Structure formats: C-alpha cells, structure tokens
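Heads up, the next two complexes both have chain A, just with different partners, chain B and then chain C.
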Partner chain A sequence: MDDSKFWPQGVKRCKPGMFIAWLLLPLALGGWATLSAFLCLYKGLNQTNMNDYFAFGVWIVVDLAIIALGAGAFFTGYLTYVLRRHELKNIINAAVIIGFICYSGAILMLGIDIGQPARGWFGFWHANVHSMLTEVMFCITTYAIVLIVEFVPLILENRQISKVPDLAIFAHHLHRIMIVFAATGTFLSFFHQGSLGGMFGVLYARPFAFRTGYMIWPWTFFLFILSAIASGPSFTTLIVMWTEKMSGRQLTSHSVKMLMGKISGFLLIFYMVLKTADTAYWANVTLPNMGLTMGDLYKQGPYGEWLLWVELGLCGWLPAIMLMFQKVRETYGLLALAMILNCSGAVFNRFVFTIQSLAIPVLPFENFASYLPSWQEWGISAGVIAYGLLLFSLAYRYLPVFPQEAELNK
Partner chain B sequence: MLPIVFEWHWDIGHFVFMGLFYAALTVIGLGLVVAFRSTMKDLNSGKDPHDLGHH
Partner chain C sequence: MSANKGEHRFGMVIDLDKCTGCGACSVACMSENNIGTLLDETDKIRSITWLRVYQIDNGKAFPDTQIAFIPRPCQHCEGSHGHHTPCVSVCPATATDYDETTGIVSQIPTRCIGCRYCVGACPYHARYFNWFDVPWPKGAERGLSPFVSPRMRGVVEKCTFCYHRYQRAKNKAFLEGGSVGEKDYQTACTEACPSGAITFGDLNNPKHKVHELAKNPLAFRLLERLGTNTKVYYVSQRDWVQRKLDNYLAGEKLPVKAAS
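On to the complex of A and B.
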C-alpha cells in the first residue's frame, strides 16, 4: 500500500505500516470514549460522579481548557490576516487545525455533558439573553463554522484534490477573503472567551469565584480573554514542536517559534499584572466586604494556597519572565518549557474556577464537597485527546500544513 | 415573536444579542456566497487554477 501520491509536494512521511501502528493509540482511546459515550447516552448521567454540588466536572474543566488553548487559531489568524504579520503564515495552518480540533472536540464533549444532545438546539430557540452561557453557546457554535470555513481551503489543497479545477479555484477564493472570516472569528472568540470567565465572575453566592467589574462584565471576563490569547499561541507552537520531535523533521523555522513565544510572553506579562492586581483586590477588598478572608477559602480539602502559588507563580510569572528573554526563546528546550508552564497555568486557572469554586461550602451547614471523575468521565475526556491526535496526524500526513517544511528539510 | 426567534421580546437585550448573532452569521454566509460566485465566474470564463496564483 503506497499513499505517497497524497502527501504534500516535496516532503517525506513515514511508511504506511508505521503510521497505522501510531494510529492504534488514538483508536484505542477512541474506543474507550465510544463506550463511555454510549453508557452516558443510554443509561444517563448517573454514569458520572457529578451531583447536586458538582453540576460542572472534569468535562467542563477540559472544555474550558481546550477552548482557551485553542485560542491560538483566532489570535494567530487575527495577527496574520488582519494585522498582516506575514511571517505567521508559516504556522497559521497548524493553528487553524488545532483550533478546529479544540472547538469541535469541546462541542462533541458538551453533547454528552448536556445529557440529551438531541435537545441541544433548545438553547438557540429559547435563548436567555441574560445568560453568559447562551452567549458562549452562540459564539462557540458560530466560531466553529468559521473554523470549518478556514480549514476547508487547506483540505482542498491536498495534492490530489487540488487537481480538480473547481475545488482549486474555490480554495483560492476562500483564501482571498480569509480576512473577513478571521475578523469575524476574532469578534466571536473575544466574546465567548470573555463570557466563559464572566460566567464565574457573576456568581455572587460563591465568594471564591465572584469578582467586581466594569458595567455588566466582571474582571474575570477580561482575564479569561487575556489568558486565552496568552496561552493559545504557546499551545500551537508546542504542538508543532512535538510534531517535529515525533516526525524527526523541522516544520517551521525557529524564528517563527520565537515570534510566537514573544507574542505569548508579552500577553502573559500583561495578563499576570492584571491577574495579580485582581487577586490582591479580591483578597483585600471583595472578600472582606463579604465577611470573609482569603484563608477561609483555602482551609479545607486538598485545595490549599499552594494551588494559587502554582497558578500565579510557577505557571504564571515564571513563564512570563522566561519568555521575555531572547536567550530563552532562542533555546529550543527552554522555549518549550516556558510554553508548557504557560499552558499549564491556563489549565490550572480553569480547574480552580470550575472545581474549587464548587467544592468550597457557601452555607454554614455545608461541608467541603469532594469530587473525583468516574472512568466514563475520563473516557470522554480521553476521547477528545484521541480525536485531536487522529485529526492532526491525518492532516500532517496528507495536507500541506507547513509551507516551510520542504525547504527546511532539503 | 419572530419566526426565527421563538421567544422574541422587543427589548434592548434581544436586539443586541440576537442582532450580533445574526450579523455574524450573515457575514459568514455572505463571505461564502462571494467565494462561490467568484468561483463560478472564473470557471465560466475558463480560467486555469494555476493562473490565479498561490497563497
């Protein structure tokens, strides 16, 4: 079996047998996810360990995390097409694919989370315009359409598909007006990233999450946008670096990765300044006004203050400062380390807002609530990773994702 | 009530919320229409894909 006629022009790929062997990993994870999904849809959400305390569990943590990390697509698209940073064209295709995987994966996961996906359209038909989640739902689904439109030209550029003149011309014209889709995607992404944070910030009855803000938007609205655009470009670059290690081929020049690191670094510094100020104001003004101290919220269960130091220090300020130094960006390993810490910080942030907020008791007669996901919940979460591995592997093998690859590997 | 929004109310919330949503969908839809129309025009005039340049 020879599939080389489908590979992008001028590049090499591993033998089909090796590729199929690699695909066994995502297929195995996909099998676990399929079984878990079947049980959740057939028997109901009693297959999970969610309860009246934890209406949000690991699925929402993963959802929020991958939507933040997938922000590399819209922000890199904005920089490439709207601000005309042409050097980013060497990584924009990867950013779009990763964004598509993250958003479509999140939507698939939410399909299980809502229990009855056949009724998913209710939210559009009976829209509660005062709900942050309605705004999130509208923007995520609309942005997923934008990502499909951005992904289609890349599929049409496959060496065999592009031989069909109609499709090649259509791909050309989609590329020509990509700025329209990139700008629409930026608008939609800003609002749903923000509303995901706003959703927590308006929870007045949960002092751990509640924040003051500007007009109708709590500070978490702006902080979630900033953390997403700071971590998204890092995540895209990390996936590219990981693909380079797996394939043994250089896919983009190091200057492109350094630029992505610089963008991430500046945005992360800006985010950390505001996040630190927000945390200080919350601890010293917001909580005392509610009759609480910060210590009250960290004294029970495993979620001590150490989690705050990990999120803000180890995975916040440290990568922000590292990415500011050109020497760090020039060194492959250090750049990857800073980006891993940056992405971990975004994941920690989504975890504490989702799980820690719900675990802390808010009424005098309540106790600290604990939650561990069931194997079915882990299965669905693993399914998103499997889906990502499968789609990115196929895209890398058959689509011209990296314009510099042929030149860099001569 | 509007035919495409079941629980429509004539208030600012619905105007802003649904207005922006449908505006975004309209922009995406119009973008696709422009791409389709340009493709049809080029195909009818017998243009070769290689003449259009590479992105």
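On to the complex of A and C.
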C-alpha cells in the first residue's frame, strides 16, 4: 500500500504501516468515547457523576478549555489576513485546523451534555436574548461554519484533489476572499469567547463566579477574550512543536514560533495585569458586600488557595514574564515550557470558573458535595482529544499544512 | 422581565419557630405536582424534592443545642439592582419565565433543553434536573394529578407555587364574576402544614395575611444580601436562625434585630 501520491509536494511521511499503528491510539480512544456517548444518549445523563450541585462537570471544563485554546485560529487569522503579518502564513493553516477541531469537538460534546439533545435547536428557535449562553450558541455555530470555509481550501489543495481544475479554481478564489472570513471569524470569536466568560460573571447569586462589569458585560467577559487570545497562539505553536517531535521534521522556522510566543507573551502580560486587578477588586469589594471573604471560598475540600496561586502565579505571571525575554523565546525547550504553562493557566481558569463556582455552597447551612467524573465522562473527554489527534494526523499527512516544510527539510 | 408590573405578587411567609420539620409540606408538594420516586432515593443530590426541608442547629453542645427546620421551596426571585431573576435570565431557550402579572417563576419542561445553566445559577438548589426516568409503577397514572404534566428525563423542574391552582382559581373567578380570593389560591404545602407555619398569598394585597406578615421586623429572606429579592419570607425570634440564613462577615450585625 503506497499513499505517497497523496502527500504534499516535496515532503516525506512515515510508512503507511507506522501511520496506521499510530492511528490505533485515537481509534481506541474513539471506541471508548463511542460507547460512552451511546450510554449517555440511550440511558441518559445518569451515566455521569454530575448532580444537582455539580450541574456542570468535566465536559464543560473541556469545552471551555478547547474553545479558549482553539482561539489561535481566529487570532492568528486576524493577524495574518487583517493586520497582514505575512510571516504567520507559515503557521495559519495549522491554526485553522486546530481551531476547527476544537470548535467542532466542543459542539459534538455539547450535543451529549444537554439532557435533551434533540431539542438543541430550541436555543435558536426560542432564543432568550438576555442569556449569555444564547450568544455562545449562535456565535460558536456560525464560527464553526466560518472555520469550515477556512478549512475547505486547504483540503482542496491536496495533491490529487487540486488536479481537478474546477476545484483548484474554487480553492484559489476562496483564498482570495479569506480576509472576509478572517474578519467575520474575529468578530464572532470575540463575542463568544467573551460570552463564555460572561456566562459565569453574570451569576450574581454565585459569589465565586460573579463579577461586576461595564454595562451588561461582567469583567469576565473581557478577561475570557484576553486569556483565549493569549493562550490560543501558544497552543497552536505547541501542537506544531509536538508534530515536529513526532515526525522528526522541522515544520516552521523558529522565528515564526518566536513571533507566536511574543504575541502570546504580550497579551498574557496585559491579561495578567487586568486579571490580578479583577481578583483584588472581587476579593476586597464584591465579596464583602455579599458577607463573604475570599478565605470562605477557598476552604472546601480540595478547592484551596493553591488553585489561585497555580492559576495566577505558576501558570500566569511566570509564563508571561518568561515570554517577555528574547532568550527564552530563542530556546526551543524554554519556549515550549512557557507555552505549556500559559495554556495550563487558561485550562485552570476555566476549571475553577466551572467547577469551583458550583462546588462552593452559597447557603451557609449547605454541605459541600464532591464530584469525580465517571468513566463515561472521561471517555467522551478522551474522545475529543482522539478526534483531534485523528484529524490533525490525517491533515498533516495529506494536506500542505506547512508551506516551509519542504524548504526546511531539504 | 424582572420588574413586577402586575397587580399580584404572590409570596410566602414561613414561621420557622412554628415549623416542626414533619415534612408534610414536602409530601403534599410531591403528590400535588406528580413528582415520582426513583428506584434509589438515597442519592439526595440526584432525586427531586421541590420543597426541601433542611435541618440546621446552633452548633452548641448539649444542653444548649437548638435546632430549626428550614422549608425551602423555590424562592421566586424578582431580582433587584437592575438584575434579572438569576435563573430566568440565563436560560438560552426561554424555558423558564418570570410572570410579571403574578411574580411567579415558571418552568416549561417541554421546552427545556437540559443544559442545566439555571441549576448552576440558583444558589438555593431549588432547581432539579431529571437525571432518571421516573419508574412509575403500573397503574400509577390513575393516582396522578391531571393538572400537572409529569416531566421527562433530561429536563429541569422546580416549584411553581402550584401555578395550576392559580389557573383553576382564575377560571372559577371568571365563571362566578369575581376576583381570585385569598382562599381560592393556596399552595399544596400551605394547606398541608399542620402547625400553620406557612402562609401564602398576594404580597401586594393588604387584605392578604402575607402582606402584613412580610412586614414583620423579624421577617427576613434567604441570602437576601445577594440581591435576589425573593418572595419567600422567613420569620424567627431566634437570632442564630436569622444569622444562619445569610452570609455575614465576622462582627457584622444582623440587618434586622431579633427579639432574643
């Protein structure tokens, strides 16, 4: 079996046997996810360990995390096509694929997470314009369509598909108007990243999540946008670095990675200044007005103050400062480390807003309830990762994702 | 959506010093509203109790121990400071609604998509998700109330202040040419309470008992400081009970001074 005629021009890929062996991992995880999804859809959400105290569980954490990390697509697209940072063209394809994986994966997951999946469209039909979740639903769905439009020309550039003249012309024209989709994607993404933050900030009866804000937007609205655009480019770069390690081939020049690191770093510094100010205001003004101190919210079960230090210190300020230094960005390992910490910070942030917000009882006489996801919940979470591995592996093997690859590996 | 513009503002006053914790209100509520019993009812954070009775104590050792029972229906928040009701404003599918003519927070189970955002938004745990299908025994349909639809798996449900009783009272008033009187519309829990701890009526109507009871200087609301502006009032002479029903900073005084 020889599939080399489908490979991008001028590059090498591993033998088909090795590729299929690698795919066994995502396929196995996919099998686990399929069984989990079947059980959850057939028997209901009693297959999870969620309950009326933990109305959201690991799925929402994964959803929010991958949507934040997938922000590399829209923000890199914005920088490449709208602000004309042409050097980013060497990584934009990877960013688009990762964005597509993250968003479509999140939508698939949400389809299982709701108690009545067949009614998912009610959010559009009976839309409540006051709900941040309505805005999230509209923007994520429309942005997923934008991502498909951005992904299609890349698929059409496959060596064999592009031999069909009509498809090649179609792909060419799509490329020419990509600025329109990049701008649309940026607009939509800004709003839903913000709405995802707004979802928690508006919960004024949940002191852990509630934030004051500007007009109808709580501060979390702006903070979620910032943390997404700070971590998204890092995540894209990390995936590229991981693919380089796996394939043993350099895929983009280091200067491109350094630029992504610099963008991440500056945005992260900006985010951390505002996030620290927000936390201080919340702790010293918002909470006391509700009769609470910050210590009251960090004493339940494992949800101690260590979470705050890990999120803001280890995975916030540390990578922000690291990425400011040229020497860190020049060193492959240190750049990767700073980016890992940066992405972990975004995941931690989504975790505490989803889980800790619900874990802390508001009623003074209410007991703390614990939550650990069931194997079905882990199965579906693993399924999203498997879906990403499968799709990105196939894209890397058969599509011209990295324009510099042939040149860098001569 | 949040401001009450109607003539009615139905609410409840619960005298915690009269409540014995018998649970008759909960049972009456379950029977009235077709709330089923699951195969395993031991997991209380997955079973459904629209009106839950909490037991609290003063934290002191015997012989100074005191206990109190807190019946907790949906608090039917109105919201304040420009806020919406915590749950109504977040529902993406308009499956829960604030009725401006009555002040009742309603739920439309057949429109609910089961996202559970409202469950997370409610600090009172008054919203319940149907994690399971109710295993109704054969013939149980004959014992169900025809006025309330049983809910299906995967949707959220909650106390509606027995809204179907209000609809019935309205129909009666229409046919008889009068208006809905205090006795015409009472919730099942109010009727079932043997010690008369629960009083229900129109908070806006000076002829209704709740109108005066809610103005009692000993009346307070659950988590009042959050600004949920609820329509369920609690009354207690006991200082520690009041203090246990909201969050206070160390050394902070109660907003309403209890008698003892």
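Following the convention adopted for this analysis, the second predicted complex is superposed on the first by the 410 of 410 C-alpha atoms of A that agree within 3 Å, B and C clash if a C-alpha of one lies under 4 Å from a C-alpha of the other, contacts with A are read in each partner's own complex, and residues count from 1 in each chain.
Everything below uses one rule, namely that a contact is a pair of C-beta atoms (placed from the backbone, for glycine too) under 8 Å apart; a residue touches a chain by one contact, two chains touch by 3 or more.
A quick note: this is a predicted structure, and the numbers were derived from the prediction, not measured.
Touch criterion met: A:Q116 reaches chain C, while chain B stays clear of it. By the touch criterion stated above, A:P207 is placed in contact with chain C alone, chain B being left untouched. Taking chain A as the reference, the larger set of touched residues comes from C, when chain B and chain C are compared. In the superposition on chain A, contact of A:G10 is made with neither chain B nor chain C. Judged by the touch definition given at the top, the superposed model places A:H126 against both chain B and chain C. When both complexes are overlaid on chain A, the residue A:P302 reaches neither chain B nor chain C. Judged by the touch definition given at the top, the superposed model places A:M290 against chain C, while chain B stays out of reach. Of the two partner chains placed by the overlay, only chain B lies in contact with A:H175; chain C stays clear of it.
When the two complexes are overlaid on their common chain A, residue A:P165 makes contact with chain B while staying clear of chain C. Common to the chain B-facing and chain C-facing surfaces of chain A are residues 125-127, 130, 134.
Across the complex, chain A is touched by residues 1, 43, 45-46, 54, 56, 70, 77, 83-84, 86, 89-95, 111-117, 119-125, 127-133, 152-156, 222-223, 225-228, 244-249, 252 of chain C.
By the touch criterion stated above, chain A contacts chain B in their complex at residues 125-127, 129-130, 134-135, 138, 142, 145-146, 149, 162, 165-166, 168-170, 172-177, 180-181, 184, 187-188. Residues 44-46, 50-53, 55-56, 113-116, 119-120, 122-123, 125-128, 130-134, 137, 199, 202-207, 288-293, 296, 357-358, 362-366, 369 of chain A are the ones that touch chain C when the two sit in their complex.
Chain B meets chain A in the complex at residues 5-7, 13-14, 16-18, 21, 24-25, 27-28, 31-32, 34-36, 38-39, 42-43, 47-49, 52-53, 55.
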